[in-house]
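One structure, as structure tokens, below. Some questions next.
Order of writing sets the labels: A, B, C and D. Residues in every chain begin at 1.
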Amino acid sequence: MIIVLKPDAPADSAERILARISDAGLQPLHMPGSERVVLGALGDERVLAELALDSDPDVESVKPILAPYKLVSREMHPHDTVVDVGGVQVGGSRFVVVGGPCAVETREQLLASGRAAKDAGATILRAGAYKPRTSPYSFSGHGPSALTLLREVADELQMPFVTEVMDTADLDLVAEHADAVQVGARNMHNFALLRAVGACGKPVVLKRGLSATIEELLLAAEYILGSGNEQVILCERGIRTFETATRNTLDLNAVPYVKRKSHLPVLVDPSHGTGVRELVTPMALAAAACGADGIMVEVHENPPAALSDGAQSLYPDQFAEMVQALRPVAQAVGRSL
Amino acid sequence: MIIVLKPDAPADSAERILARISDAGLQPLHMPGSERVVLGALGDERVLAELALDSDPDVESVKPILAPYKLVSREMHPHDTVVDVGGVQVGGSRFVVVGGPCAVETREQLLASGRAAKDAGATILRAGAYKPRTSPYSFSGHGPSALTLLREVADELQMPFVTEVMDTADLDLVAEHADAVQVGARNMHNFALLRAVGACGKPVVLKRGLSATIEELLLAAEYILGSGNEQVILCERGIRTFETATRNTLDLNAVPYVKRKSHLPVLVDPSHGTGVRELVTPMALAAAACGADGIMVEVHENPPAALSDGAQSLYPDQFAEMVQALRPVAQAVGRSL
Amino acid sequence: MIIVLKPDAPADSAERILARISDAGLQPLHMPGSERVVLGALGDERVLAELALDSDPDVESVKPILAPYKLVSREMHPHDTVVDVGGVQVGGSRFVVVGGPCAVETREQLLASGRAAKDAGATILRAGAYKPRTSPYSFSGHGPSALTLLREVADELQMPFVTEVMDTADLDLVAEHADAVQVGARNMHNFALLRAVGACGKPVVLKRGLSATIEELLLAAEYILGSGNEQVILCERGIRTFETATRNTLDLNAVPYVKRKSHLPVLVDPSHGTGVRELVTPMALAAAACGADGIMVEVHENPPAALSDGAQSLYPDQFAEMVQALRPVAQAVGRSL
Amino acid sequence: MIIVLKPDAPADSAERILARISDAGLQPLHMPGSERVVLGALGDERVLAELALDSDPDVESVKPILAPYKLVSREMHPHDTVVDVGGVQVGGSRFVVVGGPCAVETREQLLASGRAAKDAGATILRAGAYKPRTSPYSFSGHGPSALTLLREVADELQMPFVTEVMDTADLDLVAEHADAVQVGARNMHNFALLRAVGACGKPVVLKRGLSATIEELLLAAEYILGSGNEQVILCERGIRTFETATRNTLDLNAVPYVKRKSHLPVLVDPSHGTGVRELVTPMALAAAACGADGIMVEVHENPPAALSDGAQSLYPDQFAEMVQALRPVAQAVGRSL
């Protein structure tokens, strides 16, 4: 860690801060320059977080040298993690397609949509029992009964399924039914939930928050790994920017960036990442090309009748065409599908 | 609601969609233009959310006419709401100063910081028992024991206090101790928590999310009012933008905008809104000048020793100077302090 | 165009505004609802821009129905435009690789870097004679002498070249030397320059501004086409967001979105779009997969010695590997390379 | 400057880079840690820009210690700069109100709007002869004839005036007529124009770009000062964020931040900063409260008939009320008006 003192810092402030660094067990460094005094602290910087040197009135800025995450870091754990979701490997050589409707509406709708996904090539089912909705007047999911339906239909289709949990109070029930639990974008900074899924015993799909930096996504994953669960799959699903032509701005830069910094597998969700049905397939192809381990895509047997996210849901034949188009792209980057 | 059809929409799509509008009990309108067919639906648009017309493959775009919120709207409720927090009126003629340390650390620290706030002119105490922290390696609050301390110290200082709740599982305990519960920026879209605080019987301070639009903030408040709790105070605390010189970008535009659209009181938090100690006072003055009902500011008896947010915490004498500087500005806009 | 009146608009305001619409030659529409009066104006909305109805004190909001651009629109011009840059077709069936150093430094540097690009498969050379630099203390290009060098080296390599023009005063000289002129991101809203390149007789590469919406990019192109030049190539090069891990956020959503809305070809610049050497190749592959017509990539014979943008410049062997990796991806989406 | 090497950097890379630092005349520093090798370079970092150490393949990151600007810095020049615009001091003890219509439309409109501004208390006139417009179909100003009109009307009103220049080709004419020239937000990164206004002999109002960081604004000013012109006034006018309720997000944090870092005076433009007539006055008050040296506000004798920016233009009586409301706020922070 590098500590830059203010130009008008009193002469004894360097000594005082170096003593604190030393007391914390790190190696202190003094670099007096002509325009600024710079101090260094060598060692495990995470120890220094407690010191909060940036709150010292003589400190101008603090610049960390090491990444603030550890367990999720590729530097600490060089080999790719492969997560097993009910028998499907995420992060291996096979590009994974997760598909299904936004929400569980009825048994028929779920079965028809799930079967369409499976027939096209999807290997994991997705659908929501609890739906986060901006407006209290929107459909927010059928809750527990939808979990039961999901289990039944998934078993009938012989697909594992992932579904979102929004509250610690619902976690036991969700984890009991699902093959993997999802922490949604709006809950990426719900730290109680992160700790709870870290102890739930099921794989976790962690979606990037709408305004979360990549580093914050990795720190959120660090919460889960730190609570004992190494079965974490990250998911890029678009961030919030000034652009309004699309619902979100899918940040595919994040895919190769995360793959370099972390050993965890990465999915891409082009449905939420664009919010526009016609853009889902091209962005799914882009995701495969830049190194994602798979995609999560919404498909509905009848999008105009969907209770949520219909505008970004693919029709079954569009979903099938997308998977067809994905195969040669996945092969082009050395993956099977 | 205005529905614009795609240029290549089949001739019968207008008729089909108008029938759906009519079936939903709204008045349908047909406006065939030379370049686009435009449809209208007059009446309570919230009914139309269920129709999700934007997912129809023949629809290019859907433009709402009315605001999606109702209970929080000034149109429905023209007079200012005044919220009583343990005897202190928020939203009345008096500009309110909420002050205290970021987190409860020890009894001594809390008492000294709270007393400094009170002596300077603060009338509500703030401090965190549960702290949302980006990194799992940072101090995250003392939890239940901090709530007990907060109650004791607040009683000793004869100040009501507000503190954050981060999980529905903790709400009963928090609501039992606190005079007002706070939903933090990272939980503004934690809908289970919004519904729960809506039923908790205590006033709620709802902070704007880092990437939440003002409309989304008002919809989050709508969740709380819709669950039966009209004692809601909104809080602008800075949004996330590309600017890195400050921790967040305090969006003071939101203050007069919200005051026009909603009857709820609005606080401003210049501590989180800037993240820089030296900017807190000028932005507190700006908040008062543009019509905020009060401010929330972090003060610590010894900022460099603070376990969190020290860099943005004021020293006691700075806090006192800020309140002194606020008085004439509040008076200039017709408020007492 | 849809005009929504304020709830408290006087009764005669609808009549007054409808008269203005009628006077402007458009068909007026009156839709009185229970909560708002809504007015419509059918016809060429661009005529209405002059009326500026949003500045009327009785108007709450104005919602356009049609896109504000016309000449660049696919609706008006359904077939793909193919732009010829010195014999190389951009926008046809062949995926185009534009390569070269950030700036012209010396004859040797330019020739070596350009040859490396050509040998790897690039068909258009790029390099800057005029460099926009945030700091006045950074290298800002050799200017006119660099243009002469560029022409000589391009001729020697038998490649056409594109180079940036930053000021109308330099345009004649740039257009005289170059096969295509580039308007950079920082000048996308330099309207005098847009009009000037619209009259310069050379193809134009128009880069998206750092904070420009896709609609604004298309309107900037509309300036150029409106000034008589239909040889316009758009370029997505990353937008500015809150993310700091990468220099910019490459918005690949823009590629399929623009291809649907416009007939103009689209390039992607993953060098500026990421700012990180290791991310250039994966994002180049993603660009090809989602439908871009080509890429612009910085390559330097010796990046650590580059006078600008070295951190994002590829080494010659990395550039060659990138083109090798691109071939199967381009083929997977039906393009040759 | 601090240079962090990659974890896998070869052993000799530190030595190699230290030699380059030494050759550049700076003092090199070696700080080998357990997890990373960190190097330092003490002295004038601007010299190091040429070295571009971030492009070295063994370098992970480069962290500057000093601000990249110098001439605009308060560290180098501790006293406030006061800029004289035709006899009006900007940056002194008097809070300055700049007012006038968005654009020069007719002599009558300009005179009526300017007189309204003056009668209310404005001391500098503003109006555009050249207008940057997103759409080529919008009114873009009357050009040279508007400059003549501006001079005549300003003389009649005995007010100095400021007007925007958009192209170096127009600068001589603009500078000949105007008391101060404005570089607009869209041209903040038009470096040729920055250099040209730096040599024009007239005071310059430099507006912050829509996506410019505060540091970039200061670097743009550094271009002007570096070209010999120290008469620079900065202007915060709102940045582009995800929020759509307002046209821009007025970033008032920038005001106290810039006042700490620079000696240059700062204006605030709440008209563009909000884009909403009703928000202009509260944000003008906030600007005064947080330390701005003045405001620029659009006023039009008849906003609904304005050819541009009518929706954010004040009516004459609103402008007068704003100035009345400003007086006590300015006094509250120690300024006269």
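For the reader, a short list of remarks on this structure follows.
Please note the rule applied: a contact is a pair of C-beta atoms (placed from the backbone, for glycine too) under 8 Å apart; a residue touches a chain by one contact, two chains touch by 3 or more.
Just so we're clear, the structure is a prediction, and the values are computed from it rather than from any experiment.
Listed here as common contacts of subunit A and subunit C: B, D. Relative to the C-alpha centre of subunit A, the farthest chain centre belongs to D.
Our note on geometry: subunit B versus subunit D, Cα centroid distance of 31 Å, whole angstroms. Centre to centre, using the average C-alpha position, subunit C and subunit D are separated by 26 Å.
One finds 38 Å separating the Cα centroids of subunit B and subunit C. Residue positions of subunit A with contacts to 2 or more other chains are 211, 240-242, 244. Subunit C contributes residues 46, 49-50, 52, 54-57, 68-69, 132-140, 166-170, 186-187, 189-193, 209-211, 216, 219, 222-223, 226, 240, 277, 303-304, 306-311, 313, 315 to its touches with subunit D in the complex. Residues 211, 213-215, 239, 241-246, 249-257, 260, 273-274, 276, 278-279, 282-283, 285-291, 325, 328-329, 331-333 of subunit D are the ones touching subunit B in the complex.
Residues 2, 4, 7, 27, 29, 31, 33-36, 38, 40, 42-44, 63, 65-66, 75, 240-242, 244 of subunit B are the ones touching subunit C in the complex.
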